[in-house]
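Structures given as structure tokens follow.
You will see two complexes here that share chain A, one where it goes with chain B and one where it goes with chain C.
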Partner chain A sequence: MFDVTISDNGEILLSGRFDASQVEKAKSIFNKIEKSSTVDFKDLEYISSAGLGVLLMTQKRLNESGQRLKLINMNKHIWDVFHYAGFNNIFEIE
Partner chain B sequence: MEKKFKRDVKSLDKIFDYINHFVLTSQLDDSISFSIKFVVEELFTNMIKYNVGHENDILISLKKNGQHVVVELVDYDVEPFDLTKVGDLDITKPLERREVGGLGIHLVKKMVDRINYEYENRTCRITVFKNLG
Partner chain C sequence: MKIHSQTEKLEFVRTFISEAAQQFGFDEDSVQNIVLAVDEACTNIIKHSYEYASNKDIDIRIMTDDHRFEIIITHQGKPFDPKSVEIPDMPAYLASYRKGGLGMYIMRAMMDEIEYKKLPNNITEVHLIKYLRNKISR
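Now for the complex of A and B:
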């Protein structure tokens, strides 16, 4: 089960398993983001390259207008994936 | 254990259930479980994406063999594509020049200890080895 929601303070909350079957659901939220935002990974258990692709495309689009995503509260396994991908160089990760 | 899955991204739910059962019965830790799920998803979705034009199911085999886990995916009646010969991805490129393509294979190579590719009689067999501990 994967879910993506926007909290009252504008943070994007991810939960569950972000696999290739969830790309369209995720895009329905990420494609609407137009300013710098925080993405909270606290309840996200898993992400694959399909999920990384959604984040990368969003970051590239936002970067064109000087905006960016900040990613927080990743578990260790997801943190490893981001580092293997070199995404720690293109995202602010807390 | 081995099982065939319909070549559809919607099969991922059943594939993750299948992996969870293997992880539980083999008493594997969270880290190995994450790696197996990641590798199987990337290889499976790659096969769907690049081996088009037929509807053959994809076989996924999972084994705990001594001090490593062996994951094997077999795709039938396909053209050859040796992922072990794909060049390394440059992960130092700036954001503007980063692309999504190739990321999955790059990450699979980072996560496992060995990958074998075999192609015979239009059958593609990819075997990955993940050391335990």
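Now for the complex of A and C:
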């Protein structure tokens, strides 16, 4: 189970488990983002490299126009994965 | 367990591995690391070895011996040697926003050993090994 929605204040909310089976669903939302946005991980339980790839490509596209993603409320394991992969160097993580 | 080569089946694989790793005695962090490594290995097989053909088989077995926890993933798709993938220099890699090879990087970071075996009849085995320190019998 995975879901991605945009809240009324423009935050992107992730929930469930973001693996390779959910890439197209996630892209349908992330590909529409055109300005700096916050991604809330509060209800995200799991992410694999497939999910990291969607975030990375979105960050790349936004950076080209001086925009960026900010990632908030990660659980410990997801935070660890981001640090293992060095993603903490290219995303602002709160 | 045996699954068809579909990313929708990854959830079942994660549950299977998580339960076995917990039962063996790994702490929660290690369980999650092992689960992620197996997810990445199966995703690579579905994506690169079977090129998203959805009716192929992936067999996943677990063998344990004292402190050694080994997951053996067997497939008959295109051979793919994880060791052939160069470990990226992550700062430079990320600076260029490349994402290929990221799954392999994560697999290696999460496990103690990765072995690759090419067998007759186009069978390939990927062995993911993790050692349990301070094992407590259950």
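Just so it is clear, the second predicted complex is superposed on the first by the 94 of 94 C-alpha atoms of A that agree within 3 Å, B and C clash if a C-alpha of one lies under 4 Å from a C-alpha of the other, contacts with A are read in each partner's own complex, and residues count from 1 in each chain.
Rule of thumb we're sticking to: a contact is a pair of C-beta atoms (placed from the backbone, for glycine too) under 8 Å apart; a residue touches a chain by one contact, two chains touch by 3 or more.
Every value quoted in this text rests on a predicted model; they were computed, and no experiment measured them.
Following the overlay on chain A, a clash is recorded for the pair chain B and chain C.
Of the two partner chains placed by the overlay, chain B and chain C both lie in contact with A:A85. When the shared chain is aligned, chain B and chain C each come close enough to touch A:A20. In the superposed pair of complexes, A:L56 makes contact with chain B and with chain C alike.
Looking at the shared chain after the overlay, A:N9 reaches neither chain B nor chain C.
In the superposition on chain A, the residues of chain A contacting both chain B and chain C are 17, 19-21, 46, 48-50, 52-53, 56-57, 59-60, 76-77, 81, 84-86, 89-90. The part of chain A that touches chain C in the complex is made up of residues 17, 19-21, 46, 48-50, 52-53, 56-57, 59-60, 76-77, 80-81, 84-87, 89-90. Across the complex, chain A is touched by residues 9-10, 12-13, 16, 30-31, 34, 37-38, 41-42, 45, 91-96, 98, 100, 103-104, 106-107, 110-111 of chain B. If you check the complex, the residues on chain A that touch chain B are 17, 19-21, 46, 48-50, 52-53, 56-57, 59-60, 63, 76-77, 81, 84-86, 89-90.
On chain C, the positions that touch chain A within their shared complex are 6-8, 10-11, 14, 29, 32, 36, 39-40, 43, 46-47, 90-91, 93-95, 97, 99, 102-103, 105-106, 109-110.
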